[in-house]
Structure formats: structure tokens, C-alpha cells
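The next part holds the structures, each set out as C-alpha cells.
You will see two complexes here that share chain A, one where it goes with chain B and one where it goes with chain C.
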Partner chain A sequence: MLLFLLNRIGTMLLTMFVISMLVFTIAEVVPVDPARSALGPYAAQQAVDELRDQLGLDRPVTVRYADWISNAVRGDFGQSIHYRRPVNELVGVRLGRSLTLAALAFAFMIPLGLALGCIAGINEGKLPDRIISLMSSVFVSVPPFASGIFLILIFSVWLGWFTGVSIPDPDASFFESSKKLILPILVLALDEIGYLARMTRITMAEVMKSDYVRTAVLKGIPRRRIIWRHALPNALMAPFTAIMLHVNWMIGGVVVVEVLFNYPGLGRLLLDAALRNDITLLMGGTLVLTFVAVATQVVADIGLYFMNPRVRFE
Partner chain B sequence: MINSPKAPVLNVEALEVVYTTRAGPAKAVRDVSLEIWPGKVLGLVGESGCGKSTLAFAIMNYLTDNAAISAGRILFCDQDIVRMNSRELRHIRGNEIAMVYQDPMAALNPSLRIGPQLTEVLVEHKGSSGVEARDACIRMLQRVHMPDPLAVMERYCHQLSGGQQQRVLIAMALLTNPALLIMDEPTTGLDVTVEAEILDLISELKREFDTTILFISHSLGVINRVADQVVVMYAGELVEQGSAQDIFLDPRHPYTAALLRCVPKISAGVQRTTVRPIRGKVPSLHATPSGCVFESRCDRARDRCRTEHPEIEQTADGHWARCFYADSPDPAELEALRAGPADTRVSPIGDAPVLKIDGLRTYYKAKDQGLAGIAGRHKQGFVKAVDNVSLDLGRNSTLGIVGESGCGKTTIAKCVAGLVPPNAGKLDFIGIDIAKVVEQRPVEMLKELQMIFQNPDSTLNPKRTVGEAIARPLQLFGTVPQSEIRNEVVRLLDAVRLGEEYYDRLPRQLSGGEKQRVALARAFAGRPTLVLCDEPLSSLDVSVQAAVMNLLQEFQQEYGTAMVFISHDFGVVNQLCSSVAVMYLGKICETGPTEALFKPPYHPYTGALLAAIPIPDPTLERNSIRLLGTVPSALDPPSGCRFHTRCPRKIGPICEQETPPWREVTQEHRIHCHIPLKELRTVDPVFRTEQ
Partner chain C sequence: MITQVSTPLAWLHWAISDLARSKSATIGVMIILAWVFVAIAAPLISPYSPTEMHNARLEPPSPEHWLGTDHLARDVLSRLFWGTRVVVVLAPLSVFLGILIAAPLGLISGYVGGRVDTLIMRGVDILLSFPTLLIYILIITTFGPSAVVVIISIALGSIPPITRIVRSLVLDVRTKDYVSAARLRGERRRYILLREILPNVSGPIIVDTMIRIGYAIMAIGALGFLGLGIPPPTPDWGGMINEGRQWIFAMPWIVLAPAAALSSVVIGLNLLADGIREIAQQR
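What follows is the complex of A and B.
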């Protein structure tokens, strides 16, 4: 067990190291001078040179990388060129908001996706399966930016139930602020629900046809127990892994949704940073984002370890 | 039938099961009537696709969605199972009728511990409390001779061996003391020694629990070992029924007789009889002939058989057959059945060596994933798959390698074929050193060495036609001129009895036996010096097996090819091989001419293997030698003699400490054992009846 944990965490650190090098290299290759972009096109060359000096941009690549990464490990990603504030401060606040959004979307989609998939899988080929399969196909094939616009049209323009903009108001009550998040969550969750339902449907249908479920049926076990005790734990393993793998995918969705609903999360921040040539912010934010992605992977692995006795005893 | 004061436990009356398929309805079971009497074992035998399993699941009223019972009744204690509602069925299933399945690993839930899987049966049917149920389950595991039942309750199924998994399923089935136990191929896929143990267990349970069993198997030998009564199924119909004695010694239906002739005989007489395959193939279930279903393949068939469908009729007391001419079997058939004249088609041991293996060692690294593995920080374990093996093979002769699964048989073949690099030792093939992987070998050499694999489904490229597959080696090796290739392929197709019409077919249009024939033709196309056969018959039905076996012999005669034949089936090895090597845990424990292996002196392991073979001959008496425990891990093989942990004839600490010497019986026949030859010679022979 301990070995397994160490192994996973070790692999994670290795991955992070490789990614940090990648991020750094990309920032290095991009033809953007951080000093110039900070001071603007009209600043005097001398001022730019001074700033370059100040930022230590003249030092060799390896030294700068070592410097950057050792600071990053301590949580210091430097100053944002555009905002002139520490990157970690900016990223921290925004990450919190993005995670809230993603977490709420997850909390909404996992039970719904799994439940729909199970119902479809158990009744493979029958009416409930057909309805759910059709629904999930639609959910999967409509991209978030399209479904977002549809939902805004329906719920905020026509029905006027929710606002189309989700800028959080610090003074609003919890209920008020969560109401603002309903539409973004829905958009984020919809195609994930479709994906999850389809996946679960397949594994569930497969498990229901497996030899061990047949054994259980021919043991005279009631159907309810067969489904909950014999089928579900086996059927949910693959979808669970898939959801966790999709966390990364969802980060992409978060960016789109944040832009769509004008929600000030990490995605929006990174997009803006990229548009404004804010290299330090972009690097720091990307690193944090990949860390989140890799860390969820480790959490998923550990979760699977407990779910699947085969992995546990290998 | 038998006059018994009691009523039959199960009475199947004129049952018909229909599958709805895209090609129309297929009657998988037609007009099947049978009775199972209390305390008896009814053996149901037939080849794949004959409807055995469909019948078994129909009795449980558990059929796939596209199947339905279209006629007939299944009376269990005077209640018709066909008409039961789901609540009544649930009461019967697992409680009154229990089932044991073919693939025990798949039949157990991978994410539940064994304990709850067992106890839930009692909790559900007997309303036992958890503690009661647990105790009862542990007692039951003890009764099926499960080692360490307490620990087993806490395990998952993948932590048990195949034999143990099957014991768990048998225990599970017996928990409620059911009136009927259905066993669907319970030993198929298990090693021959494990199979023998499970069959012993079934016989013992039959005596102790007085259980009534419907035992389904494709293997006549297995059926012979457990069944009191036997029914034979063919193409969905019941063709013959009678006592085990009747069926195996005096078969009345030509199909039963033909099936028995397909099984190679083994006995102390060491006579080889010709196996006679059944010609043609099973009629499609979509278009069953109006006459007798076996007519197209029957030697006895006359005009009447083509037009009229025979009813099953009593030929003698308790012996029934569905044949118009059941009372007048062809004398020639009977003659052939009773171990006919020895056939000496097995090539003699050749002199000129084709293959010399000397001190071959092949170790596999034990798997180790993750960071620690990458960094090499882990202590590396090695699986000694093949450990110091030396073998010789002469031109035109066949060397059989037998042993339980995981003993290293296939690894030897892979080394010779160059698929796995050996760690040490010499491999000499027609004077060329081949102790390297196939990419490094000279091209001319590749032609001389071909391989036939166990699973024909995965060895033929699904996108290539049969003709292309066979033509490929001809093109590569230039065996015949370019213009002659098609003719040569057709000649080969004829030789494997497929014919030119198969030239443009794709592998998916072929049956398993036909695919194996194509693989055979492909292997022999380049006229190789050596063909490695890795269990080429084990996935085939008996009748098909016989045909492929004969083909192998024909090819060998024609081309003078040497063969290495890997098999777990002693009967087949006896039929095909001139010499045999018996392997255990990566080492050879006995090697010698085939005839010599069936008589003492032999290695205790050889003796146990011989005693375990299921043979369809009720008159054959054999010593029962059973091995203890399971095969130890090859990662950490036992010291001294590797077989000492399971050896029934272990003589003392010397077996644990010292590697046994080679004892030479004759120049060719050698035994790797501490027991002196004199003692090995005096051991009771496995086959007691000398013929």
C-alpha cells in the first residue's frame, strides 16, 4: 500500500518536472519579450533593457529555469507583467473560483451520469435505454459554447430565470450566488453527463451479461441485490477512471464557460494573460493548472486502488 | 427405462428451444426427452454446437433474450419449470437446482470476496444469519477439500488457482443440498491433474451427498469417469441413451461409434489404433435435414435415412438409439472400435539430428511496474520458465512435450522459433546455431522452421483470403516458381481436404477446424524441415481433432518433416509422437520413446499424469495416483527435485536438498529422479489390464 502510494506520488513528481520543462521551453521559444510587453511598444529601449536586467532575463537558460522552478515549488511564480501583482495571489483567487465551478459541475454530473447510464445498461435495448441513449448522444455532440448559448437564450433571455452573466457579488447570499452558477454548471456538466452515461451504459450492459451475474441469477439472488452488490461495483470501475481522466478535459470546458458567462476564473485569467503577452502569469497559471490535473489523476488512481481488488493485490 | 420405485428428479419432455437469428429461427434443441433419477449422474456428451449448454440453461429457465422454449415441458418435482414465474424460479435456482460452470474464473465475481459470495446463498434461501451461514460455508469448503478454508473466505477469486475456484463453485452449489446439480463442462480448461482431482471430488460427493447430477462434457473420457447413465446429443437431437457401459462398449448409434473412434486410445498394450475422423460437418441448425440428422456423415446411411426422420427407440433394456439400423451395426465398425490392429504410421526415431537443444535456459523478468521498477531499485525476480533443458530430435520424427500449464513447454517452442531469446544454452538446428531471435537468423533458415499455434482464430490474418495466406510462404521462400504458386496452393488445399473452393474465402467464413487446416497447409507450404506445433488440437472438437491429427501424419510422411508437438493430452501425444519429454516446472523429468513411457519404470510425475488422463473405456482399470497441492511458483521453485512438494513417492530429505541424477533405462529413455531404477521398475503400472 505504502509502496503503491510512493510510486504514484513519485510518478506524479516526475510528470510535473517534465511538464514544467515543457512550459518553460514554450515560454522561451515564443517570440515575446516580457520586458517589452510589460512596458509597451512606446517605451524607450533603455528602460526595456533595464527591466530585462532587473528580471534577470540575460542570465543563461538553465539558471533561469532553476530559479523559476525553485521559486515555483515554494509557491512563488513571480510578478505578473500586466497586473504588477504576484502571480500566486492572482492565480489563487481565480483557481478557487474555477474549482468551485468545476466541483459543483462534478457533483451534479457524476450521480446523474452514472444513474442514467446504469438505468440504460440494465434495460439494454428497451425503451428507457433508447431515451437515455438518444439524450446522451445529443448532450455529447453539442459543444459547450453552443449549448451555453442555447441555454442562455432559453433560460435568461426568454424565461428570464437566471442571468446570463455570472460575475460573483461578494455581498450576495449563498443562495443568490449559487443561482448565478446554475447555468454555467449545466453547460459544463451536460456533455460530461452524456459521455458518462454512454460509458456507464456500455459497462453496465456488459456486466449484466457476464458469467458472474449469471451465477448470481442462478443462485436465486433477488434482482435488486444482483444489481447493487454484484453488478454495480464492477460496472462503475471503468466510468470512474474515465471521469477522473476527464478532469483535464473539463478544464478546457471551464475556460469556455468562463468566457461565455464572463465568470472570473482561472481559465479567463489565463486566456487574458495569453492575449496580453503576460508570460510570467501564463507560465505560473499553466503550471498550477497541470498540477491540478496531475494531482486529480493520483487521487483517481488511489480511489481505483481501493475499488478494484485486482489492482490492490497485484 | 429403469424401474425405480422413486420418481425421476427431473423429467424433460419433448423439449424444443429456438434461437431467433438474422438467418431465421434455429432450433438448437429438438424433441429432447430425458429423465434424471435420484442419486444418479447423467452424463450428457456431444460436440460444440450440439445444444448441450442450451439444454442445461433451459432447465434453469435461463436463456438469452433471443432464445425461447417453443415446445415441451421440464418437470421438476411435478412442477413445470417452463411455466414458472420469476419468484418461483428464484426459489428453485440455487436452492433446488444448482449449477457449476465451465469457466470458474469468470463465474465468480471479481470484486467480491469469496465469503459473501458463498454466504448469500444460505442467507437468501435458508434465511440463515450471517454467522450461521459463514460457519456452514467454511464446513462446506472443508468438505470439498479446500485447503485453508478460513483464509479462502477472505480472498478474491483471482487469488485462487483454477482448481480452487472450481471447488468454490462446487461448494456454492452444494450449500443448500440441492435436489439436482447441473455441471456444465466443469473441468474443461483445467489441467489434466486438476481435472482428475475435481472428478474424484465429484464422485466422492455423489457417494456422500447422494446428489443427482446432470454432467455435461464434450469429453467422452470425462463422462466415462463420472456418469452412470449417458446421453449423446448431435445437432440438437438426442441420438443415443444408455448406461455408461452400453454407450462406451456397445454404441448403437453410428455417431457415438464414430465419436469413440476419433479418440486416440491409450492403454498398457501401447497399440496405436488409427483415429478415424467423421467426414463432413454438422448440418446447419437453420436447415435441418428432413431425414436423419447424421445421414450426410454416416457410413451406414441408406435411402430411408435421407427421407425419413428416425425416432429414438429402445434397442436393449435401458439402451436407446435414434437410428433405423441400430440393431445391425456394421461389423467393421465394431471391429475398428475394439482397438484394431496397431497402426505404425508414427515415424521411427530418426538418426540424423535436426534439432539439438543443449542446456537451454530461459528466464523471464518478473513484472515490476512504476517508478521503483524504472529506477531499478527493486530486487529483480526471475521466472525460470525453462531451466537447463536438453533435447534431441531426428529427421522425420516427432517429439512430444507434455506437462501441466506453466511448465515451460511453450517457452521451449518460442526459443526454437526465435520469438524469445534464450538466456543460456545451445540451440542447434540442421547445423546452424539458432540461439538468437528470429530477426537475426539467416533467411534461408526461416523457411525450414515453421510453427502451428493453438488458436487458429488469431493466427490467420482476417483480411487475407485462404489462398493468399497459403501462397505467402511460397512467394517468400520461392518454394515453387511464381507461375506455379496457385496450383501449389490448390494442391495443398486438396491435401488438407478443403479443396479449391476455399481459395477465396476469408478466415471468418471458416470453422475452427477449417482454420486449423489452413494454418497447417501454410506451415507445410514451404516444405520445412521442422514444424513446431503448440497445442494445435486443443481448441478443436474430437472429430475435427482426429482429422487434423491424420493430416499432420500425412504431411510428415510426405515431406519427411520433423515435428515438435506440444500438448497436454497424452492420448494425442501417444498417437503422433515417436518420443516424448515430460516437463515439470521448467525442467524435464523424463524423456524416452513413447512406448516406454506408458510402462514402468517411470518418473512419479509421469505416473500421475498417466493416471489422470480421462479415457472413454469403462473396462480399463487404473491405479489412482493423485498429486498433492498445486504447482509451486516458478519464481521461487522448490530446491532439490522441483517435484518434491507434490511427489507421491518422495523418499526423504534427499529429494528436498539435491538435484536428482539422470537414471538411464535405455540409451534413449532417461528419468530424472532420486528413486533407484530397480524400485522405479517394480512400481504398480498405472494401466493394470494388459491387453
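What follows is the complex of A and C.
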């Protein structure tokens, strides 16, 4: 048990170390002088040199990496070039908003995706399975920026139910602000529901054909009880793992949805940083977002360890 | 799935007669071929040049402009047709580039095992835990948006998952009798990998390639949508959605056309992948 935990956490630390080096290397290659971009194109060369000296930009790469990473571990990513504010402040606020969005999408898609997948898996080959399978193939194939466009066209342009933009307004009532979030959540959830339903369908169909389910049927246990007590707990493992492996895919979806709906989350902050060559912000934000992704995967691994006795004996 | 592949023509015959047995594969192939045709014939079937500016901006659909004009008064239909080329050329190219690097890695990792395997798989795991879109954003910020940079970043992003799939397939095949037989015959490792193992894992790799080209199309679209794709004025579906987004309430067709086109290509690829899998199961 302890060994398993140490192994997982060790891998996580190694991953973060390698990724921080990759991010740092990329920032080194970018032909942007942070001092020059901070002061603007018309600043005197002398001022730029002084700032470079102040920021310690002329020290060797290894020293600067050690400096950057030791500050980053303590949560200090330096100043954003564009916003002139500490990166951790900017990232902190935005990360909270992005996580809210993702959590709401999860709360919507997991029950729906699992339910659809189970219905399809139990009725393998029959009409409900065909309809659900076709639906999930379509959902899986439509990228979030396209499905977002379709949903905005249907719900905002045609029906006029929701607005197409989602800027959180501190004065708006809870109902008003959550109404604005419905479309973004729907787009994010649609992106994953098809995948989740497919995964659940495959395992559910397999479990329904397994020996222990047949034994249960022959014992005369009611069908409903077989599905809930015998089949479902075993069929849920695979989609659980699958969805956790899909966290990185979802992060891409979050970035796209935030841009599409003008939602000021971490994804949009990172994209803006990339488009403006705000390297310190891009580095800090990437590191934080990657940490969130890696940590989620570790937590999922540990969760699976407790949920499934079979993993423990491997 | 063991099929003796002899000549390209025989293979084509086998492929067509087999694919025709699956409804989803047939529909998928038809959708894909239609778009490939549009890509090849774009100069002939487009009513105008994709970058030519006409008299009226943001025109609704009319007999002259079937899908109207965009914010720079360019014909949306012509841009849609020409934009097919970006999707049809760049997406497969980036995936093939990825396979070219990932397949040998996966073959070696799965067959040789031991330390080499551990090293390769550690690297793959680390890269897999890095959000793909962030890899693209970082690379494109570093080297600037261009077709080549887009291809390379998508290829790099597809290396870890392909390596992993190839490795797991090899692990499955390497214990088979014909591999042992080749080893006992004293064949070289290179012969065993390329002549015994590779042909027998290629079926699932082809299915995976279809799905991955779909992902690549989505990625190219997403990058265009985020303003990091092929730089304007080259017509690109993702870029068209990005540029037309502001006018979605007044002029929905500017964004609807590329969004629908892009979705239909990916649906076609996934249907084809489903169909191939179906056929493989029937055997």
C-alpha cells in the first residue's frame, strides 16, 4: 500500500520535473526579451539592460532554471509581462473559475453518460443500443468548437433562450449567472458524454455476458437486482479509468469553450498569454494546469486502488 | 486477422469487397471520398478565388454567392472548398509523421522489453500526462504559426499514444508460435520485427490511424479557432469559424458551413473506423 502510494507520487514528481524543464527550454527558445517587452519598443537600451540585470536574465541557464523552479515550488511564478501583476494571483482566480466550469460539466455528464452507456450495453444490438450508439458516435466526432457553434445557433440565435457570452457579473443573481453557464457546460459535457457512453456500453455488454451474471440469472435473481448489484459495480471500473485518462482531452475542451463563450478562466488566460508572448504567465499557467492534470490522474489511480481489489494484488 | 497481402491491386479488391459489407464503413468511405474530391477539384468547382474580395461584405446567401460573403467580402463557399485542402493534406500528413516515429519505438519497446522498454514507456507516460493542447500552444508560440509548425506539433502530440498502442499490440503477438519459430530459425531481430510482427499488428494500427486522423482534424480546427492555426488569408475551416464568430447572430452561415463540414469529415472517419472494426470482428 505504502509502496504503491510512494511509487505514484514519485512518478508524479518526476513528471512535473521533466515538464518544468520542457516548459523552461521552450521559453528559452522563444525570441522574446522579457525586459524589452516589459518596457516597450521605445525604451532606451540602457534601461532594458538595467532591467535585464535586475531580473537576472544574464546569469547561466542552469542557475536561472534552479531559481525559477525553486520559486515555482513555493508558488511564486514572477510577474506577468503583460498584466504587470504576480502570475500566481492571476492564475489563482482564473483556475477557480475553470474548475467550477469543469466540475459542473462533470456533474452533468457522468450520470448521463453512464446511464446511456448502461442502457445501450444491457440492450446490446437492440433498438435503444443502436440509437444511443449512433448518438455517441456523432457526439464523439463533433469537436467542441463546432458543437458550441451549433448550440449557440439553436439556443441563442434561433430560440433566444440563452446569451452566447458568459462573463460572470458579480452583481447578477445566482440564477442569472448560472443561466449563462448552461451553454458552456452543455458543450463541455457533450464532448465527453459520447466517449463515456461508448466506454460504459462496451464493458456493460461484456459483463452481461459473463459467467457470474449468467449464474445470477439461473439462480432466479430478479433482472433489476442483477443489473444494479452484480453487473453495474463491475462495469463502472473501465469508464472510471477512461474518464480520468481523458482529463487532458477535457482541458483542451475547457480552453476552447472558454474562448468561445468569453468565459474568463485559466484556459483563456493561457491562450491570451500565448498570443501576447507573455512568457512568464504562459510558463506559470502551464505548470499549474499540468499539475492539476497530473494530480487528478494520481488521485484517480489511488481511488481505483481502493475501489477495485484486483488492482491491489497485481 | 491474418490476411495474406500480395499485390496492391489484390489488396484494393479485398478492401472494397470487405468494406462494402459494413454499412457504416460504406457511408464513412463515401463521406471521406466526397471531401477528398472537393479538395482535389477545389480550383474547378469553386465559383471564385478564396481570397478575392467582392463588392459586398457579409452578404446573405444569393445565386451569386451560395453561402454568402464574409467580413472581408470573400465568397464563403469558395473558402469552404479550398479549406478542404488544409484538412485533407495536413491531418493525414501529421499522423503519418507521428506513426513514422512512434511505430519503431513501440515495436522495439514491446519486443525488446527490459530497460529499453521501461525507459521508452516512462517517457511516453510523462508526455501523456501533459495536456495535448498545451503542447501545441507552447510549440506554436515558440516557432510561430505556420503549416509546418502545425504538422510537427500535432505529430509530436500523437507520438506517445501511438507508441503505447503499438507496444501493447506487439506484447500480444510476440508470444505467438510463428514468432518463436522465426526466432528458432535464427532470423535477425529486424526481420522478425518487420516481417513477422509488423504485418500482424497492422490491422488495429490502421483502425487507430483513422481515429487519429479525426483527432488531428479536430486539433487543426481547434488551433485555427484559437487563432494559432494556418495564418490568414489561407482558407482554413477553424480560422473561418474564428473570424466569423463575431457575426454569428446576424450571419450564421459563415460559421455554420465550416463547423458542419469539419464535423462531417470526422464523423466519416469514425464511421469508417467502426466499420473496419466490425468487419474484423466478423471474421
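Here are some notes:
Quick note on the criterion: the second predicted complex is superposed on the first by the 312 of 314 C-alpha atoms of A that agree within 3 Å, B and C clash if a C-alpha of one lies under 4 Å from a C-alpha of the other, contacts with A are read in each partner's own complex, and residues count from 1 in each chain.
One rule holds for everything that comes next: a residue touches a chain if its C-beta (ideal position, glycine included) is under 8 Å from a C-beta of that chain, and two chains touch if they have at least 3 such contacts.
As the structure is a computational prediction, the values presented were derived from the model and not from experiment.
Contact with chain B, but none with chain C, is seen for A:212 once the two complexes are overlaid on the shared chain.
Residue contacts after overlaying the shared chain place A:233 against chain B, while chain C stays out of touching range. Of the two partner chains placed around the shared chain by superposition, chain C is the only one that A:29 touches, whereas chain B remains out of contact. In the superposed pair of complexes, A:220 makes contact with chain B only, with no contact to chain C. Contacts of A:3 after superposition: chain B is touched, whereas chain C is not reached. With both structures placed on the common chain, the touch criterion links A:11 to chain B and to chain C.
Between chain B and chain C, the partner in contact with more residues of chain A is C. Once the two complexes are overlaid on the shared chain, A:201 sits clear of chain B and of chain C alike.
When the two structures are aligned on the shared chain, A:97 is found in touch with neither chain B nor chain C. When the two complexes are laid over each other on chain A, chain A has residues 11, 14 in contact with both chain B and chain C.
Residues of chain C that touch chain A in their complex: 122, 125-126, 128-134, 137-142, 214, 218, 221-222, 225-228, 238, 241, 245, 248-249, 252, 255-256, 259-260, 262-263, 266-267, 269-271, 274.
Chain B contributes residues 60, 62, 65, 89-95, 98-99, 101, 103, 106-112, 116, 120-121, 124-125, 156, 158-159, 169, 172, 370-372 to its touches with chain A in the complex. Residue ranges of chain A in contact with chain B, taken from their complex: 3, 6-8, 10-11, 14, 125, 210-212, 214-222, 225, 229-230, 233-234, 237, 307-310, 313. Of all residues in chain A, only 11, 14-15, 18-19, 22-23, 26, 29-30, 137-138, 140-147, 149-150, 152-153, 156-157, 164, 248-249, 251-252, 255-256, 259-260, 270-271, 274-275, 277, 282, 286, 289-290, 293-294, 297 touch chain C in the complex they form.
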